[in-house]
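Have a look at this one.
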Amino acid sequence: MAKFEVEIKQSACKGCGICVTVCPSNCLEIRESFNQAGYYYPEPVNMDDCTGCGACNKLCPDFAVTVYKYKKAG
Amino acid sequence: MAKFEVEIKQSACKGCGICVTVCPSNCLEIRESFNQAGYYYPEPVNMDDCTGCGACNKLCPDFAVTVYKYKKAG
Amino acid sequence: MNEEAKEILHAPNPMHQAIIPPHFCPGCHYGIILNCFMEALAATDTLGKTVLITGIGCSMVNMHYIKGMSGLVALHGRGPAVATGMKRVLGKDRLVITMQGDGDASAIGMAEIMNAAQRFEKLTTIFLNNMNFGTTGGQMAPTTLVGQKTATTPEGRDCETQGFPIHMAEVMAQMKGVVFSYRGAVNSLKNFAKTRKALITGIENQLAGKGYSFIEILSACPPNQKIKPADGPRFVEETMAREFPLGEIKNTEKPC
Amino acid sequence: MNEEAKEILHAPNPMHQAIIPPHFCPGCHYGIILNCFMEALAATDTLGKTVLITGIGCSMVNMHYIKGMSGLVALHGRGPAVATGMKRVLGKDRLVITMQGDGDASAIGMAEIMNAAQRFEKLTTIFLNNMNFGTTGGQMAPTTLVGQKTATTPEGRDCETQGFPIHMAEVMAQMKGVVFSYRGAVNSLKNFAKTRKALITGIENQLAGKGYSFIEILSACPPNQKIKPADGPRFVEETMAREFPLGEIKNTEKPC
Amino acid sequence: MSETKRIMCTGNDAIGHGALAAGCKFFFGYPITPQNEIPAFFANNLPKAGGTFVQTESEISSIQMLVGAVAAGARAITSTSSPGYSLMQEGLSGAHAIELPCVVVNVQRGGPGSGSIATGQTDYNLATKSAGHGGCPNVVLSPSSVQECHDLVQLAYYLADKYRMCTIVLSDAIVGQSAEAIEVKTLDFGELPEKNWAIKPSGDNNNWPVIMDTYMPFTYGGYFPRMKEKWAKIQENEVRVESHLMDDADIMVIAWGSTARTAMEAINWARKDGIKAGLLRPITLWPFPEKEISEAGKKVKSVLMVEDNQGQMVYDVERVLGGKDKLSFIGIEKRNEPGGLGLLYPAPILEEIRRLAS
Amino acid sequence: MSETKRIMCTGNDAIGHGALAAGCKFFFGYPITPQNEIPAFFANNLPKAGGTFVQTESEISSIQMLVGAVAAGARAITSTSSPGYSLMQEGLSGAHAIELPCVVVNVQRGGPGSGSIATGQTDYNLATKSAGHGGCPNVVLSPSSVQECHDLVQLAYYLADKYRMCTIVLSDAIVGQSAEAIEVKTLDFGELPEKNWAIKPSGDNNNWPVIMDTYMPFTYGGYFPRMKEKWAKIQENEVRVESHLMDDADIMVIAWGSTARTAMEAINWARKDGIKAGLLRPITLWPFPEKEISEAGKKVKSVLMVEDNQGQMVYDVERVLGGKDKLSFIGIEKRNEPGGLGLLYPAPILEEIRRLAS
Amino acid sequence: MTSNGDRHEVIVGGTGGQGVITIGYVLAQAAFSKYKHVTRFPIYMGAMRGAAALITVIFSNERIAAPILSNYDNAITMEPGTFARFKAGINPGGKIVYNSSVIKDAEKGETDCCFYGIPVTDLAQEMNAPYLANMIMLGAYREITGVLTEDMVKDAMKYILTSEGKGDRLKINLEAYDKGASYAKG
Amino acid sequence: MTSNGDRHEVIVGGTGGQGVITIGYVLAQAAFSKYKHVTRFPIYMGAMRGAAALITVIFSNERIAAPILSNYDNAITMEPGTFARFKAGINPGGKIVYNSSVIKDAEKGETDCCFYGIPVTDLAQEMNAPYLANMIMLGAYREITGVLTEDMVKDAMKYILTSEGKGDRLKINLEAYDKGASYAKG
């Protein structure tokens, strides 16, 4: 079960793939989708392995990534 | 008996006294004489001790010093 | 998944002026450096005390990207001189930080940065080493690697006729007025954290009146380094950091 | 004493253009350095291959003092750039030497000299360190000692607001393109001989295409150092060389 | 190099082709938009031609390396854009002091400050009025087409060497960034004197040293009278202008560089309306075509000065016309957009011509 | 500072006294003859006055430190001489781009190149025609006496702050090195607006950042129209001239700076011969006294321009007079010696006045 | 009023990544072999991908006055921003060829010119290669205007794409050209 | 023709080491307390000791036009070079006070001015202090011209010598002044 969620602000993304590269758990992948400016943005693919480390957030040059943590139930 | 002679080109001398300072044998001294530009130039005073080392020549900033060596008789 | 049951763990930096998206090329590390710098400002709570002086280069408009940052875009290479004038007026309790490209600081601006250090200015410089002149289309910089192809070294930099990359952090460390010299990178979470720490040291040094702090940061510049944007982090590690070793080069007490 | 029975043991340097007496102040070591330089030219038989590029400073007219020396008086601080242009035209078998004051090379001309080294120019620089701007009346230079009184440091250089003396030979040695960096003096026969040897090395390095050679020479400047001319040699030894240690700082093989 | 080759290239590349055709062997320069194609051209082509490309650390260094190379007798070049040209002022002044035939290309962007990289003609005064301190004029050549970039850089070498005088090719971003079909060939302007003044080590010069001294003793008694004579000779012999439809013109449009082409477009349209407009285009900005403008000025009913700046040459035109009576001006304020990327298009010029004709 | 003190000092020192009286707290400068007394003055006096003296590494740095200090709202100053003034061109252009009220002193030596340290007025064109690339004029004030050094540097601050415009005090070695008896006091020119444009950290500015950008996007649509208005206002309101014996003059001598005093000496002698000569001395070189010269020019029989250069202002005078008919010129070629240490004395001016009178 | 004689003028516009500059380069290069005078002038409205880019191309056997035009005979536009701009600048009787995939409601208004919509984005998508939209547009444009010849343009494509280091993609680009041309033929 | 009214003008010349600039400084300083306008302008003909140095001093209650003069009412010269120069520039009826120790044959020629030879080098030698020649000359000059008062000049000497860091030598300088003055008195 995924404990974290990663949100990519598509309009800000330039499709550089840095988040994909630096994710230690290979949670992100660039696929077919592209934004208005023509950039292919990444999509979360493997969130169960996500550790919430924040690399994708901190190392995104375009401030496009937010990492959420699911609150424990109760 | 002096083996060496030191000649100061008075007109070139600026009376800095460097030759006096650097002579290891205290052969030179600045006295009363001054040249046209008003500089007090040094005079050989103690030539018996001169070793012909050439310091006065090489370290004169104004190319004013010549050191001669007396030829051995015969 | 229940939307209400999640909280933000890592948000995009709130200091970032989101309405002006950075103009950097895809994969440029300058955006990451900007983030790292803002985190250092936040950690020291110094944004409101700071004036950012940029040179001419891809980082020149960075003050516009930081909410609440005052700044001045200096002419090419002259940041440390402008910063000197400004710092002398603003006084020791205000922070004046220069952010300069490698061309800006080590080519045209070499006299200014060296002499700011010589005068023991209480400044902090962030030196962005991308091994080229990015803004003008990727020409050779003093930092360009031997063999590296650029717009003005089409066959690769030839050391015999074009020399060797300058190591600014080491050169600056030679100056007595420089109390802190560091080379970092933002290609990994670990390096990001270390670089942020170095930036914090640079900020604290200035506020303590300790001396000049110089922080070099290696940066990928995909179009001009001719790499894929996603390969930037690896390129920094494997190619750049091999020529320009990461870490602290100097960290001394105040020399007087 | 018999006039005919003596021979010249040490003549004033025959390369010296005796009809133009040097304009240096009494006790200025620049005349001695000139002599030392001419001896190095003689020892390498290179006068006829040489162009001397001076900066603006008390040494600027030195080519006029050397019989048969071609030269160009560059604008203040720009010697290494002019020399680069000239050397690239004249080619590797010709010598282009810059002679620059400390103000000339380490203040206004810092970018030019550092970047000539960065480009691995095959040049030789003679750097005259008299710890002040002599020509303009003895102002502070980047080399001025902490506490030293000059026209612009009437209370002595205050390190807190005016910084620390720059050590150029050490800074230049940081540059990979610099294969030889030396600090000498001409205050004694011994130092004169060592400095001449360093100058010869600098000349030979250039003709061998080995790299950039940098020779710093400490010099008394009596009016501005506020010493008696005759005390210059001692001042160099006891005051200057204490801050600026004499000797070889770098001597490496050709780096590529 | 004397055969002709037809190619398509930018104005910036054409500078390179022209310089190579003129035998230039050394380039010294620092990157700056909008002239980066020039250093790139030389980096690619000079080594092949047995020459040397040096990237400098600044424009100050560029002009000084040029001084070193030119003092040694070489044909060499540097290029830059406006801020870099400002930085060369001290160096140019020094080059005038020792009368070096330096050729400098300035592909203008808009000033002041870091300005706008788009284009501009805001360096007219700086280029023509004084090479730094000292008040020496440069010869200033203004290309308005890619072909002319190629041709005028060659003329620049000729004039520089003929008179031992710094010569500026004052291009702009529109001319520099346009690509056009041009003919590349070596132009022959005539014989030139030997450079026996050039610096050589004395061993290469019959043991005679050659010394150039930008410093004292500066003999004004000799220098300025000699310069006056030289400058007068240039003003007498080297003025170049282009006239377009001036024979029967009622309205003379004066414009230079790329703006002259824009003005020509407007004039061509005006002619379709039956308005007798013509163009007088100074090619040499210094020497300034005083006679040509003054004579033409007497024949026309009105004079319209067009420059992509706030009005700089208009000052000189007014002086030559002896007043502002016939004179009007439109300039940078008529660009299509207020931002730095706007351009001065033909339309506002046509509009002004129509206004003058009515 | 409002009491008056009579002292004897050099023109260079008077710059220092005047700047202190105007509340200047920061000096940034690099040594160069013949203005070395100015940095020495500030090094000695600013710390005592709670100010800061910084010796820069070059004139490029001087103008940039000045930019930093002035951008932060301070009254600051730099001084230099001709070659250093050339080096400031890019910086001045940048200062104009962000409209900083920089005050720069240029104690001229002779150009071009390293030139002559004696004196000279060879920077007229560079100072008045264009602050580097971009073609922006500086306000240029020309002192001809020690008292005026003290007064005009204060006026420079006033005009700079009033219009947010770079202002140059264009002195020369004769004015700078002369010592005269003067009165030191703070001059009051009137109220000035708050510097609410100055850069402050946002925390010192109600959390609003202040940004100055010498670079893009440069909005010409706003910039040059605003400048035109500003420049026109200055030209309208700030022209200053001195007239001496002009009321009944047949011969108008135009001269500026130290040369105006030399010319005045010659005029006084000419008057003893019964020759009706008078002096018109522009104090503001920009704004140029167009109206004053044109009107006076109509009344006199001949106009003699005297400058210690090759003839620079004469170009502007000719433009204003509408031709060369009445106009003659003598300049640097009439110095007493050909070497760099010669000076332009009263005698050749008197001789020329006599020639014109006969 | 459009130009006289053999003069041809066209302005091409789009956003930075759309390859409009290449269209201009190819047209200018193609004209170079046939016309005495050719000029092209690019304008980049910003450094970033996404900012507008324009290029004006003029060729003629008569001398060409300005390389920049207030009004032009022909225009090619890949997206709405430059479409609006060109509509204002087109000469009466001129032609606007536009990307009808993204410029949906071609507001022809009162403009006295001819509009030709080509859905180049969709056509490129069909080829599974969005970056080919520009060459599709080029093929359509040549077909519509009949300017130059197909051979000339294809030769120029070879030259330009090779010099841009895209020689390996030449074949697919030529296919794209053909796709555009045949779409225009109808 | 010499100046009208209360105006006094003098040019002082010698070689660099001879202290002529100090003579000018003292005269200007002395005049400062009495005259509304004072100007002094030094000219160094080279950086080296031995090169000529000149200083012009003018004071008046009327405005002073130029600080540099082609012709002057009074001159002081310490050596032959400036003597020749000043002879050419002196106004008819003017005074030249010269160092007759080194300017032996004062070629008065056709010049319409008064010459006053003072052997200041010898007088200084008598005091065993060659450097005092300038103040001896000053004493003589004031006595001969009667300009200012002895007190004013001596006060000015105090001020100038102190500001030049030679305060400790003030007494002997005043003695030199007196020696010159009494020699001139005869």
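The letters A, B, C, D, E, F, G and H name the chains in turn, as written, and every chain counts its residues from 1.
The rule is simple: contacts are C-beta pairs under 8 Å (C-beta built on N, C-alpha and C of every residue); 3 or more make two chains touch, one makes a residue touch a chain.
The structure displayed is predicted, hence computed values, not measured ones.
Novice: In contact with chain G and with chain H at once: which chains are those? Just list them.
Specialist: Both-contact set = empty.
Novice: Out of D-F and A-C, which chain pair has the most contact pairs?
Specialist: A-C
Novice: Using each chain's Cα centroid, which is most distant from the centroid of chain B?
Specialist: Greatest centre separation from chain B goes to chain G.
Novice: When the centre of a chain is set as the mean of its C-alpha atoms, what distance in Å lies between chain A and chain H?
Specialist: 89
Novice: Between chain E and chain F, tell me the centre distance in angstrom, where each centre is the average of that chain's C-alpha atoms.
Specialist: 30
Novice: Please tell me the distance, in whole Å, between the geometric centres of chain A and chain B computed from their C-alpha atoms.
Specialist: 85
Novice: What is the distance, in whole Å, between the centres of chain F and chain G, each centre taken as the mean of its C-alpha atoms?
Specialist: 56
Novice: Give the residues of chain B touching no fewer than two other chains, as numbers and ranges.
Specialist: If we look for residues of chain B contacting two or more partner chains, we find 14, 39.
Novice: Would you mind listing the residues of chain C that make contact with two or more other chains?
Specialist: 25-26, 56, 73, 75, 77, 107-108, 110-111, 114-115, 118-119, 142, 161-162
Novice: I need the residues of chain G touching at least two other chains; which ones are they?
Specialist: 46, 49 - these are the residues of chain G that touch more than one other chain.
Novice: Write out the stretch or stretches of chain C touching chain A in their complex.
Specialist: Those residues of chain C that touch chain A are 1-2, 5-13, 16, 18, 21-22, 24-32, 34-36, 186-189, 192, 222, 228-234.
Novice: Can you list the residues on chain C that touch chain E in the complex?
Specialist: Checking each residue of chain C against chain E gives 56, 73, 75-77, 103, 107-108, 110, 133, 135-137, 139-140, 142, 151-155, 161-162.
Novice: With touch defined as at the start, can you tell me which chain A residues reach chain G in the complex?
Specialist: 14, 34, 37-39
Novice: Of all residues in chain G, which touch chain E in the complex?
Specialist: For chain G paired with chain E, touching residues are 1, 28-29, 32, 35-43, 45-46, 64-71.
Novice: Mind pulling up the chain C residues that touch chain F in the complex?
Specialist: These residues of chain C touch chain F: 47-51, 53, 56, 60-61, 63-64, 68-75, 78, 81-90, 94-95, 111-112, 114-115, 118-119.
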